[in-house]
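Next up, some structures in structure tokens.
Shared between the two complexes below is chain A, which pairs with chain B and chain C, respectively.
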Partner chain A sequence: MAVPLGFMLAALLAGRAARWLILPAAPAMAGLALWLALVPADAAYLVGHWDLPLGILLRPDGVARLMVAATALVIGAVGLHALADPPEKAGNAAQAETFWPLIYLLWAGANAGFLTTDLFNLYVTLEMVSLAAVALAAMGSLEAALRYFMIALVGSLAYLLGVALLVGRYNTVDVTLLSQVAQPDLATMLALGLMTAGLLIKAALFPMHGWLPPAHAAAPAPASALLSAIAVKLGFVILLRLWFEAFPAVSGQTALHVLGGPGALAVIYGSVQAMRQQRLKALVAYSTVAQVGYLFLAFPLVAGAPDPSGAWAGMMLHAVAHMLAKAAMFLAAGLMLKAAAGDRIGDLGGLAQSMPMTVTAFGLAAVSLMGLPPSGGFTGKFLLLNAAIAQGAFLYAGVMILGGLLAAVYFFRALSACFAAGPAPRAPATLGVRTAAPLVLAGLAIVMGFGGSALHNLSAIAAPWAAPGAAAP
Partner chain B sequence: MMTFAPLLLVLLPVVAALVSFALPERLSAWRNAANIGVAFVKLLVVAYLLLQAQAGVVFEWRYEFLPGYDFVLRLDPLALLFVTLSVFLWLLTTIYAIAYFDRGPNLPRFFGFFNLCVLAATGVAMSGTAITFFLFYELLTLATWPLVAHRGDDKSLRAGQIYLTYTLAGSVAFLAGILWLQSLVGAIEFSAPANLGAIPPLTLTLIFILCIGGLGVKAAIIPFHGWLPEAMAAPAPVSALLHAVAVVKAGAFGIVRVIYDVYGIGTVAELGLGVPLAAIASATILYGSVQALMQSDLKKRLAYSTVSQVSYIVLGASLIGPFAVIGGLVHLVHQGIMKITLFMCAGALANRMGITAIAELDGAGRLMPVTMAAFSVGALGMIGMPPVAGFISKWYLGIGALQSDAAWAVAVLAGSSLLNAAYFLPLLYRAWLLPPPPGRPAIAELATTRDRMLILPAVVTAVVSLGAGIFASLSFSPLGWATLVGLGYLR
Partner chain C sequence: MTGAFDIILCLMILGAAGIALFVRDALAAIAFFIAFGNLLGLAWLGLDAVNVALAEIALGAGVTGVLLILARARLLALGDDATCADTSAWLRAGALAACAGFVLLLAAAVLSIPPESGLDRAVAPLMPGLGIENRVTGVLLAFRAYDTLLESFVLLGALVAVWSLAPAGVWPGRPADLGVADVPMRRVARSFGRFLLPVALVMAAYLVWAGSDVPGGAFQAGTVLAGGLMVSAIGGAIGLPRSDLPGLRVALVLGPLVFLLIGLAGMGFGGFLVYPEGSAKAAILAIEYSLFLSIGATLALLVAGPNVIGWPDPAGGTDRHSDC
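Moving on, here comes the complex of A and B:
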């Protein structure tokens, strides 16, 4: 967590040279993430050596490990990609410079958010990520970013209000301590409701997704990749902490349908919207709305399963697969749009011939996002579907299946367009980091499909029912 | 390599695919060499496996894909039957495709996906669990799409779209069926049918419908056959592979697996599901033949003929009697070698003389005698004339129908054979007995541009379909092997 902060400061100081910092940063963070994946599950770190509830506890559980590792991969790859292909508007070099400190801020905020289990710290990290995300979005469209900023602000305030209520009620904001004392009374319900509403805005769950498509579609490709892959995931992870770890007693099975229902609607709505889009990046952005829906659709499935580890692993695998695949897809889409005649889907003709590597990356990412095997997206969806059918939640199962079909419709529409005969490309296809980055990310999303068992076990440690006492240091 | 042999069969095409994707067009000779080489090595591996299987060895390779769900490659006799077919025909189709395309555009992509497609087909054959089967089955869908849409014109893209719409919808139904069944009995292994006794018959029937309906899309059973004639927009080597080995066969093979290895004959008979399926298969057989009769385009006629012929396999599997099962299984092989002969010849005709419509076939036998001879063998086999392989299939199916007290199925077979004759014999008549129209290139002219590799594969398959008919009584003939498989299920 501290390392990316350091890199951010260095990047601020370094100015024009900041871009080169990604070269040491990417392997360093990947190494740290790997180390994190290997440390014992019950390890916990007290920053500043103060005891709870004053100290800041960092706990690398299964959720944290998976998310930190995926974040390192995504930001590392996006960073290397951006190094080869800086995200700047014509003649606006200053903007490119701001990109680098921002990604480190995002990185630090996201990692801290995944690792901590303290609701106030989570607020801080939420703000860090939002700040970075708004600024990244502003690189594309100031208007969309402002809209994003206003909505994010409302979300933050709602969350903060909820935290304040909890402090007043229980005098602690640590997730584990809360789980021991929480009562289902009015104040708690209100706090949970406020925090949830705030977080849902950040995670862009339908019907609070309005800010996402314009912001993600307008930003430069590397920025969109980070926004879609990472920024929305933090809200999701905090909601996991709240609903499953802090208040399992309060959040009953029925209450979880409050999240699952909109999740299901989001899958349908996002997919239908994606089908209607004429511009490639808008299509990809609406696909994020749909994919976020799956994550929340999983909430009631986890709670309702007799053996929740399957659904839980499915949810986490889906989250990670989406991070990798969506980042790959945005990067690939960015490259494709640079070479294409225009930004509409119909303008993509001929790209399959002229830039096969990039179209392949897009295709592989699409395979994972559609949930077709073999891919991480399939494994995740398979586990979720299994859980849904096992507990008789046929409505959710139906939505997942329909969502997969709709995704196939809109992604294959884009791929089909690439295969069509078209004019000669404007820019010749080049090999190199910028082409390799999306290919590697998409490839990883596919490879995840083969390592299901290992990832399943890795994520399972995080399940609150599996390691309830992990927090006490 | 012993236990890894099945894995080797899956990994070899990956190598060939990566080589094909990576090599630029100017190194096409290396790409061709790699493709043929790998196909040949695979054939050797399969030969070794066949020898081992004769000795009763069953190869298996498994690893835990998800907790409770194993990824299993298992070479039981049924799997070997299909693997041998696909590996053998793949080698020939590769040679053919290299000659057919020569120096067309986008070949690295084509051969890459071509390899993935065959990988998926062998994977489907070797799958030992339902989930493994589904993985390869979907990979097949994905790998064939770029092949169908290869040309990139409006017609091909539309064909690709229709293909995907049908197959993905089918896959979803199939997946839902598998998941539902798994939620009741746990992971499904093909080697040991699960105990379905405790499940209500209605549930079992619904799951059966989901599975068979889903698989029936690829097997082109009516009313799910619509994609197949459209997919004719694909280049000839793709059509050949699609019709003989890969897609439709994967569907038919899956249906056999579901009936015999997931449900088991007893359960299917108890639920009374065999007869309705046989009826649908019969309807498809007749409908496909009638449609084929009405086509004026050569490849479309062949396509509808496939719709009809693949349902023979389903018919045999659903009649549930010793001879019917054997007839269906052996037709899986026979239809493959005969249909691939026909498609490779049709491709050669289109490539050399621009013939695509049936009316243009006049005199083709005089101009391209070798091609048309191979075509004739395939066509006669399809009709069911002895001694070509198709006769054996129909003979066994007919006896099987009588054994199962389904005399109506014999009528279906007879009617279909008549229809087959009605749509194939006029082609042979035109090709051999009518004079070529003016404007066709002279024989001498054709001889200068002859590419033996374009004709050789079809000749080989034509000879093999003759051989499979004449030497059917030998134990290593397709019939001998199918008998072994069939008896295994009935024991």
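Moving on, here comes the complex of A and C:
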């Protein structure tokens, strides 16, 4: 399943015309993702047929199916966009050539991470994604990337230490086995704490988001799109595996507020910061901080619900909608900034006339990120809101509504700037793949809202709350 | 190993670590850091973890030490005096307290774990089916081959990431010359490098050859190979290759590629990374040898860093290090 990616990575290094490989890669990966979405619900594969305490189990549950499909869409679209609109700084041939192997590494790492149930294997995939993400961020600003790298290293080490403790304690690092034997003793708690802290750094949850805005805002547009859409999601998925699959018995309801609380704060803080930004890409980057907050705010809601399927689906839909919309938004922002007079929001004037399609893509993505109907973002937030109100968690519900309002404020500020009269854009708008890619992604984020029930069912496949510990083959 | 030796070793490890931390001269700190790594390797040997010991000495002490020395040389060349900046006493005390607290917590957690190794029991009955003796190799290349496969791509990706840092206008080019500038030192380094490279080659080949049955294997052997290449490059005995050299690209990609192809071929025998009955050893050996080459070349180039010299480069000539 993750194989074609590795193959392409190897092929890329050998070939000099690496950029054209995206043309076969994008449809191939989309096809595989579709196949993955359709395999029987209890499908699983033990790599090399080695049994579990030792071997590695790959299992396409609902989370994996959704995330792999969204990843294929995002990277496919971003890749095609980058083919038409080279991502590197002008004249930097090293970046032009290394960009491609790196995105395949990111792709392979993300897919492998979404599919595996093995915590050490997850560490390896986390390294793949982080490494590619750091290098992609470095194409914009070396300083921001170096900071990201240092912080990511600390996160990796904390996670690895936790894995080592678990191996010593339980002789296994498989999530499905751990869920049967886990006990709330010191070693387990410390391991869970270390791993959670490490992953929160990677997922950039407030207050550990410090590295994200500079790194994401400075990187070239396709790289920012991949970083915001995919790199932070892997940390989130691993946390799902840890808290809901491996250690539901260890982590109590109160402990989940340790994630939900910062999540709520992240929504507020990220939104307020986004409102204060003067630069377009910084605004979009802070919006990621806020949107990541929603994902973690959902943790206590899923655990507290009598029937978690609604909140679970809401969380997953929100994650996928954010991937699509945020990738679309960064691509659109990149095109807008290339055409505009400067990188400040005030410089965007006149763009609505000169590049209507790109501004439309930005607007559609904003609609989904704000959570307006009929978008995928709306469905996700609505399900979460529903769960919060049903549980009487009015604080979380209030934060979600406030976050939506704040998002509307900061996105409309950027959009209205585009419609304002302004100087003629520097570059004429061009049609073709580079304009179509963000539009298609944003359109998908909207259309997701209509496919709500199908995606709802997809997210429920082999979900941990449906049949605890029943995923072993 | 006797108790007295263990105690002396522990004291030496602590002493080396302490001196490396407190000495003000960067070169001395690096020297003690390398000594610390070697002593730690001895401690692993004492715990019968030969593979860990090899990795610690080769990577923890060797490659990291070379990296630190090179980093210091570049800092000096940039006009930095490469001594430690003063930090406030409160910051130091706070860091000490935080680290000590964390170590205590960690120690309590580790000691609370019942001392039994269940995984060893799981590995032992599966080994005869592979036809190799070394359990670590068995774990790396059979039971957890998927991890190792991904890990080999991480290493390759790290090199790509380093390459992506090359400044504009020098791609495809070669990394900065590792050679020492001082002429008498260069002469010593050159003859030492000439002497060491064949020794490293033989030793690396032995490690990978023996790796299936006794401690050793592709990672350790690759590190030794990289070490030999680096020392020779520092002495100027070999030059560093251009990053677009086809032979070099093949050498870098060979290991992961062979690994992946064998994994894919396994799909004909029941699934990804399934080794066919009876030829598991052949598959593992093929992977080991190709990984060994790629790891050696990748590590050496990782240490060398990104390209800084553009390719219309008058030096030319010493392109011998195509892939070994």
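Definition applied: the second predicted complex is superposed on the first by the 452 of 473 C-alpha atoms of A that agree within 3 Å, B and C clash if a C-alpha of one lies under 4 Å from a C-alpha of the other, contacts with A are read in each partner's own complex, and residues count from 1 in each chain.
Just so we're on the same page, a residue touches a chain if its C-beta (ideal position, glycine included) is under 8 Å from a C-beta of that chain, and two chains touch if they have at least 3 such contacts.
These numbers come from a predicted model, not from an experiment.
**Q** Report clash or fit for the pair chain B and chain C bound to chain A in the combined superposed model.
**A** fit
**Q** Rounding in steps of 10 degrees, give the angle chain B-chain A-chain C taken between C-alpha centres.
**A** With chain A as the vertex, the angle is 170 degrees.
**Q** In the overlaid three-chain picture, which partner chain does A:Gly168 touch, first (chain B) or second (chain C), both, or neither?
**A** A:Gly168 contacts chain C only, not chain B.
**Q** Examine A:Leu102 and indicate which partner it touches, taking first as chain B and second as chain C; both and neither are also allowed.
**A** second
**Q** Of the partners chain B and chain C, which touch A:Leu186 in the superposed model: first, second, both, neither?
**A** Once the two structures are laid over each other on A, A:Leu186 reaches chain C alone.
**Q** Look at the residues of chain A and decide whether chain B or chain C touches more of them.
**A** The partner making contact with more of chain A's residues is C.
**Q** When the two structures are overlaid on chain A, which partner does A:Ala421 contact: first (chain B), second (chain C), both, or neither?
**A** First partner only, chain B.
**Q** In the superposed model, how near does chain B get to chain C, counting Cα atoms only, in Å?
**A** It comes out at 38 Å between the closest C-alpha atoms.
**Q** For chain A, which residues are in contact with chain B within the complex?
**A** Its residues touching chain B are 309-310, 352-353, 356, 360, 367, 372-374, 378-379, 382-383, 385-386, 389-390, 397, 401, 404-405, 408, 412, 416, 419-421, 450, 452-453, 456-457.
**Q** Show which residues of chain C lie in contact with chain A when the two form their complex.
**A** Residue list for chain C touching chain A: 105-106, 108-110, 112-113, 117-119, 122-123, 126, 139, 142-147, 149-151, 153-154, 156-158, 160-161, 163-172, 244, 249-250, 252-253, 256-257, 260, 263-264, 266, 270-275, 306-307.
**Q** Enumerate the contact residues on chain B facing chain A in the complex.
**A** Residues of chain B touching chain A: 21, 64-67, 105-106, 108-109, 131, 134-135, 138-139, 141-142, 145-146, 149, 152-154, 157, 160-161, 164, 168-169, 172, 175-176, 179-180, 182-183.
**Q** For chain A, which residues are in contact with chain C within the complex?
**A** Counting only chain A, the residues touching chain C are 3, 6-7, 9-10, 13-14, 16, 45-50, 53-56, 89-95, 97-99, 101-102, 105, 108-109, 112, 120-121, 124-125, 127-128, 131-132, 134-135, 138-139, 142, 161, 165, 167-169, 171, 185-187, 190-191.
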